[in-house]
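Reviewing the structure listed below.
The chains carry the letters A, B, C, D, E, F and G, assigned in the order they are written, with residues numbered from 1 in each.
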Amino acid sequence: MITLNHYLALGGLLFCIGLFGALAKKNAVAVLMGIELMLNAVNINLVAFNHFLEPARVTGQVFAIFVIVVAAAEVAVGLALVLNIYRRRLESNVDDLDWMKW
Amino acid sequence: MAVIREDLQTQEIELNMGPQHPSTHGVYRALLTLDGEKVVKVENIIGYLHRGIEKLAEDRTYTQVIPYTDRLDYLAGMLNNLGYVQTVEKLMGIEVPERAEYLRIIMAELSRLASHMVMVASMALDLSGWTAWFPPFRERERILDLFEMTCGSRLTVSYMRIGGVAADIPPGFLPALEAFLNDLPQMIAEVNHLITGNEIFQARCRGVGKIDLETALAYGITGPNLRACGLPFDLRKARPYGIYDRFEFDIPTLNNGDSYDRFVIRLLEMEQSARIIRQAVAGLPEGPVMAKVPRVIKPPRGEVYHQIEGAKGILGFYLVSDGSNKPYRLHIHSPSFVNLGALPKIAAGGNIQDFVVNIASIDIVLGEVDR
Amino acid sequence: MTMLIEEIQDHFPGVQIEQGVDMPVMVVPADRLLAVMEELKEKQGFNFLSGLTAVDYKDEDRIEMVYHLLAVPAAKMVRVKVNLNRQEPEVPSLTAIWPAAEVQEREVFDLMGVIFQGHPDLKRILCPDDFTGHPLRKDFQLNAGEGRE
Amino acid sequence: MAVTRLRPPEPQVPDNIILSTVDYMLNFCRAHSFWPLTFGLACCAIEMMAAGGARYDIARFGYEVFRPSPRQADLMIVAGTVTKKMAPLLRRLYDQMPAPKWVIAMGSCAISGGPFVDSYNVVPGVDTIVPVDVYVPGCAPRPEALINGLLQLKKKVINPKAVLVK
Amino acid sequence: MTSYAWLIPVLPAIAFPIIVFITRKVRFLSALVAIAAIAASFVMAVGVLQEVFLLGITMEHPVEYAVPWLQIPGLLKIEAGILIDPLTAVMLLVVTLVALLVEIYSVGYMHGDPGFSSFFSYLSLFSASMLGLVLANNYFMIFFFWELVGLCSYLLIGFYYHKPEAARAGLKAFVTNRVADFGFMLGFFFLFAMFGTFNFRELAEAIPGYQNTAFLALAAALVFIGPIGKSAQFPLHVWLPDAMEGPTPVSALIHAATMVAAGVYLLARAFVLFASLPDVMLLVAYVGGFTALFSATIAVAQRDIKRILAYSTMSQLGYMVMAMGVGSMTAGMFHLMTHAFFKALLFLGAGSVIHALEEQDIFRMGGLYKDMKVTTTTFVIAALALAGLPPLAGFWSKDEILAATFDHGFTGLYILGTLVAFLTAFYMFRLIFVAFFGKRRAGLHGHESPLTMTVPLLILAVLSVVSGFVGTPFTEHGFSTFVYYGEPHHVEPNYAVMLISVLVALAGIGLAWLFYGRPSDVPERIANRYRSLYNLLVNKYYIDEIYLWLFRRVVLGLSEAFNWHDRHVVDGIFDGVGDMTRISGRKLRLLQTGNLQTYALVIFTAVVIIALWMAAPVFGGVVQ
Amino acid sequence: MENIFTGIAAYLEGLLAGAPPWAQTISMGLLYLVGVLAFIFLNALYLIYLERKISAYMQQRIGPNRLGPHGLLQSVADAVKLLGKEDIIPRGADKWVFIIAPVIIFIPAVMVYAIIPFGKGMIPVDLNIGVFYFLAVASTTTIAILMGGWGANNKYALLGSMRSVAQMVSYEIPLTFSILGVIMLAGSLQTSRIVAAQENVWFILLQPVAFLIYFIAATAEVNRGPFDLVEGEQEIIAGPYTEYTGMRYALFYLSEYANLVSVSALAVTLFLGGWHGPWLPSWLWFLIKVYIMIFIFMWVRWTFPRIRIDHLLGFNWKVLLPLSLANILVTGVGIKIYQLLTLGRW
Amino acid sequence: MPDTTALFFWLLAAIVIASALAVVLLKNIVHSALFLVLTFAGVAGLYILLSAEFLAAVQILVYAGAIAVLIVFAIMLTRRGDIRASNLFNVNYLAAAVVSLVLFVIAALATGRMTWMTTTGPGPGSNVGAIAEAFLGPYAVPFEVAAILLLVGMVGAILLARGGKQDQ
């Protein structure tokens, strides 16, 4: 029997994998991909909670859709940033993007 | 997405187009520098069909050179023949019989028609207008039939001789020609229906590869390509050779100098060629088709430059004779070669698809380019 | 035609002019070529470079550059010749006056070995890049020892 | 007259009813589905195009699928003069084609160098570069000749052991 | 009506984004939006006043609407709310009216300025903030709007930001106000610490019974720093004269109704607090009085028309503060109201002159009355009102202040006030005689301003005449029976005081006429005779220079001293420690990589640690 | 006739009656899959033949006529030949991406058939999000094309796949919006209900603009007709497929025709009344309509020259998208007016 | 069919986790991106198990169909150097691994100890309808805000991608 906890654990694991990717990768696009994984993990939890706790309503799914929308906007802007940075620096490694130091 | 804009710069890539590429019309190769889909720079790389005809001609007798001229612009063999034999005749001062002159005109104009048909067809094909490829090729077969009837060959005719033509026309020739000429307008109408009037075709050709008259002259562009820029310059009128001064015809011109005009002008010229042929048929006299010329042709020492209006532009032969039975030097000034030299100028700034249109609209024949 | 001959002779004393079989022919020293061409283009209306080539006169130990100019739309023609040293044939490039000369000069360089000073991109055009010799020279063997055995 | 030339003998799998039937089927299908490479060199290429036109219509035999990419082509029709500058590229195109593949030498230039045989820049016959299956003589061969060549190739492919001189 | 009072600031506040985002490109619409918003607010303010009047709402029993805004139960409660009492009602009316007229005026004045639309957006925001400030029901809210007002003033003063002086003036206003605001903030946080609330009403109930007056006095003094800065009282007055670098309508708004009035309004609003602390009241009174005199003397020697008016404002504000200090909130507010009208009129008139002449030096003007009849007439009316001649508005309010001062036994201050009244009359008419009458200077040709500018002038002129009547002793002390704390006190008409002030004003005018009304070299001679005094006045008592010197010398000197101390003493002692610090710093610097991922890593490490800590009880035995 | 397929399905289900329910589900699913696959393969083979024949007749030719009666076996020969070709993986290619791309592209091509109502009661899976499922699954095709173009490590292939992404992602939007009008009319995403709603009036009559937009966008989505820029052979050889040989290439080809059939089937479902029709069995009606649609696709392809990439994108963003949005608006207003007229309320 | 649900769950979970690990661990960023698509597809499968079919379709459409394509597209545009080593770890990867792992352990332990008041009941008849009603009813404002966010994001992305005028 698959319970809510199974889904939560799966979501947690996916989240942590995504987190690891976001923290440990050099390439900016890879960092973005890690963040996407994290968002997906969150969505799994939302939908699972919805399914197991409030099956009569769709609140969790609605929130998941909002997350997806935000993710879409984020990716569009993020990739545009990467492209722009790449054009200026011919580089898409986050390591070298330490302009926040100034 | 409308990402492909000119102000989005991505890494430039170099793209090798050809020598085996469906749209290069043979073994032409273009080295394109691309920025996204935009062509930044074009470099012509030619010579993949360089057979050394000029050198070979130095090792052949004057008559033996004629077949090589067929293989220059193999779409319009008669015109090449005409140019060469008239050059030799000019150097030797040979008078050609009237009937031969008329036959030459008929054949040359038929050749021009065939060449333009191929251009129209292949330009349609390069734009993926598959169906529009067929009517010109269908009608062209009838011209080739006429050639075959007369000289036994379809492409490489070697019909003209120094002093006349190889053979008189067979009996069925004139009716077949008449029928062909009657059907020609219908074919042109078909092409217009299928492709010329098509919105997508117009959108892709209008304003593409635009070149103004001044640049065109500086780059040595001749023939229909020049006339598409608005200059009514045609050697058949400006410096008539043979008996062209006896015929009435117009020089069609268009003003934009873009690919669309270069396409349309061919269709217009087809009509004029048909007009000339009709007049030539009407005035075709009886008589011999060959002048009295010595068995071994030995022109006097000297040099001569003769140019005719080929299908693609001014086709010139520069002949130097040392008095022997072989040409000392034969230089062939081919229109495609010079027109192609202007391609980098014409094509820069468009995108890949425009480049294909540009090549097609300039109408090159690699046999003539590389010689 | 005589007017042209007179004017050119007035302006450029070193130029020899005669009436050929088909058109006037002028022989120009290599160093005056550009000036003569400018004159012909700007003043005499020969605004179109109809062709250029070279002839190898091996016996006379010279290479002759031959230029044909055309007046558009009057359709008058003139031939300009330049005699070059066969060992070191060098002539100024016409690309600045007629861009059309670019490919044709490359061809002459490729096939005849004439060096065009001032040409932007003088390299082989028809023969393969690793080709040796210049085929249209009279001492070049046509078959070059190969062929069908 | 069309001549087909035998390939060098290949080691054959011992005859077996099933295998040979499958083999026959496969060859039969191959023979009816030549996809030529869109590849023209000179004058003959125009006749090759004409063969695709409405009058000759090689589509009737299923051979009209001209592929622009060598990866998808089965057949290379060498239509025209092969120059020394072109030869290496031609060889590369041939190498890029997936086996089984065939070559038709169309026209006298491709067969032997034709009228340009003694030129300094012409390869005297494409068979010095790639193996040729069928020679279609003529300068330029008529489209019918090309179709005949294709049909000869078909016979050869269906029955690889046959050598046909007709 | 009162329940919709919150709309009054909201309308112009909405106008701000509309102009910025939508109508910016269309000047006409921008102005229309701004004016429509403030006009609507004005109408509502009238409604509010009427309702307050009819319902008999008093200061002790105001109407309050509030919603919780920020709440930590048992720790903090901040409300967003409005408080409506007579004081609010009057202020709303004054602010909306003046702002409305100024905006109408600006249509003409700013015509052709590239920043036309943004100017109106700022004006809207400015009015909105001031209105919010007026309506606020607690210190926190008032501070919030207080800061907004400061921000807008910064924007508007620095409106011509491409002019270095304007930019600097904006900065100066901002910085000076920050100093004051800091004190104010400290003050009300003290109050919060003592009473646990920001709410005025609750504070008003709590304060009178509070025992620790010393602490309360400290808080009150700190709160007073706010008005000192905002109402430009000595010594934080330096920003106000410079603030005239902004467009003139802004000066009018700042000087009349919004910015500087905020300080006085705060005093009135917090009057309960001050009233219970006589010592602080005394401080307030003397600061006000001193400022009044101090700036009046400066005004006497200025040449720039706007500067004269600016110092006059300071002086009048001193009056008001003084009135508050002597315990007559009513008088102060009354003067605030009348002053708003005639000072706005003066500034707008000056703006009209500047608009026509592109010149601000009065000694380069002259004879303007011939060209600018309307402007001159209205300007003279305003000046008369300011000088305090009956029956104009200024007379009644000033008289009320002087009477209150006298009545409450501050004789010294009364004399001072009278002196200021004399000076006021003198410098105003010096300005009028020189600029509007006198000889026409060559090259300057005035022309009357367009209708959008003159109509507000006329309206304000009427108001300058009649607005005093609401509070005369002969009209039942209308104002003081309306706005008051505790008992409405009826100051008996003190005819002696009235007479004296009228005489003094006449004397001032007369002296001005003697000196400047006719060709005379007296001023010059006096200036030469008392060169040092004159220089002192011209240079505004060198206050700016003193500040500069203070900063340079004292602060830098102190820094120098600290530096020495640091290098020789601290370093000497803690060299070892320093080395240690440096080494650890070098290590720690690695944390500051500028790399986002590293930061994220640190953040998530912290999250993990927090999670561990929070999860500890859950896991019970695992951790412990 | 009508029940021939449903009858077969029922019979097979009967055979499985004894098996456990999960086994039944899986078996029936597999059966449907086999049916759909057979349908796709047959269609692809014969559509290729049809395409060659139709183009030939349009071009005054005869087309394949040697192998089999009227050349009917031509495509079979081609397919068998492709099976027997050498499998080349270019050096420098991203091997696994290159290998897997043709498989990936085939998966969505098959999956979309799940919601096609082939006839009365002949819908493999009647999903309640039917049309949306179609769009979602079809959108993944781009990834496969990108993989193919990338994996080959060839500039033409990369250019082609870039073009395909730009084109397909753009045209998905008007495609979706054009379908929205139908969904609003039918009030459901379920394909069976959409078909049911067209019992009396085909939606093409109510939504002619939407049909046009759908047709154009679908042409672009399946890379056909004037929109075949992805593999524009005159410009970029064969686009993403340039380096593919033999069977892998065949898979691309196959999925291309599978997509052609599925978009035609969806067009029939959404606009042409699905399987509704008199006299003939419903599935036959459906097939007839699908083939009419396919014929129109082919007609267009062999008539128009190829459009240019910037015109293509400009046309999408400047014409189709606003038009489809306007269509939705008009549809919404129309529905409301209809409700007002018939029900007397908004 | 509880057993098949479990089967599918474990299958999908394995796919999701394995491909997510591949996303993070592979050295070729194109491969990472492609596995990302697989992860998205697996998550969509999980949604179906959770009877959120509409969401599954949205997931496929938006993530696999658009976001992933965009990512792959961007990678191809910014291609440079050796693609086989395009997706390396930075210096912090050990610390990041530890943090992620510990976070997972904590989360897993915490959720493991929770007991949920799960209710099993019939879901809303139509997923789509329910979601549509939710969006147009209680969540209308967030819905609009999300739409504006998308619009702003799109405009921003276009502006960014075009680069400023001073780039020229």
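Operating definition for what follows: a residue touches a chain if its C-beta (ideal position, glycine included) is under 8 Å from a C-beta of that chain, and two chains touch if they have at least 3 such contacts.
Since the structure is predicted, the reported quantities are computational estimates derived from the model, not experimental observations.
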Graph distance between subunit E and subunit F, where chains that touch are linked: 2
Joint neighbours of subunit C and subunit B, given as chain labels: D
Distance-maximising chain from subunit C - centres being C-alpha averages: E
Chain centre separation in whole Å, for subunit E relative to subunit C (CA means): 90
For subunit A paired with subunit D, centre-to-centre distance based on mean C-alpha positions, whole Å: 56
Intercentroid distance (Cα basis), subunit G paired with subunit A, Å: 6
Distance between chain centroids, defined by C-alpha means - subunit D, subunit F (Å): 37
Where subunit E touches two or more other chains, by residue: 597, 601, 604
Junction residues of subunit G - those touching two or more other chains: 54, 58, 66, 77, 80, 90, 92, 95-96, 99-100, 103, 107, 127, 161, 163, 167
For subunit A, residues that touch 2 or more chains besides their own: 19, 23-24, 87, 94-95
Complex contact set, residues of subunit C against subunit B: 20-23, 47-51, 53, 55-56, 66, 68, 70, 72-75, 77, 79, 98-104, 107, 111, 124-128, 135-136, 140, 142
Subunit A-touching residues of subunit G, taken from the complex the two chains share: 2, 5-6, 9, 13, 16-17, 20-21, 23-24, 29, 32-33, 36, 39-40, 43, 46-47, 49-52, 54-55, 58-59, 62-63, 66-67, 70-71, 74-75, 77-78, 80, 86-93, 95-97, 99-101, 103-104, 107-108, 111-112, 114, 116-124, 127, 130-131, 134-135, 139, 142, 146, 149-150, 152-154, 156-161, 163, 167
Contact footprint of subunit A on subunit E as seen in their complex: 592-597, 599-601, 604
Residues of subunit B defined as touching subunit D within the complex: 19-22, 26-27, 47-53, 55-56, 59, 67-68, 70-71, 74-75, 118, 134, 137-138, 140-141, 144, 154-156, 366-367, 370
Interface residues, subunit D side, partner subunit C - complex: 84-85, 112-113, 117-121, 124-125
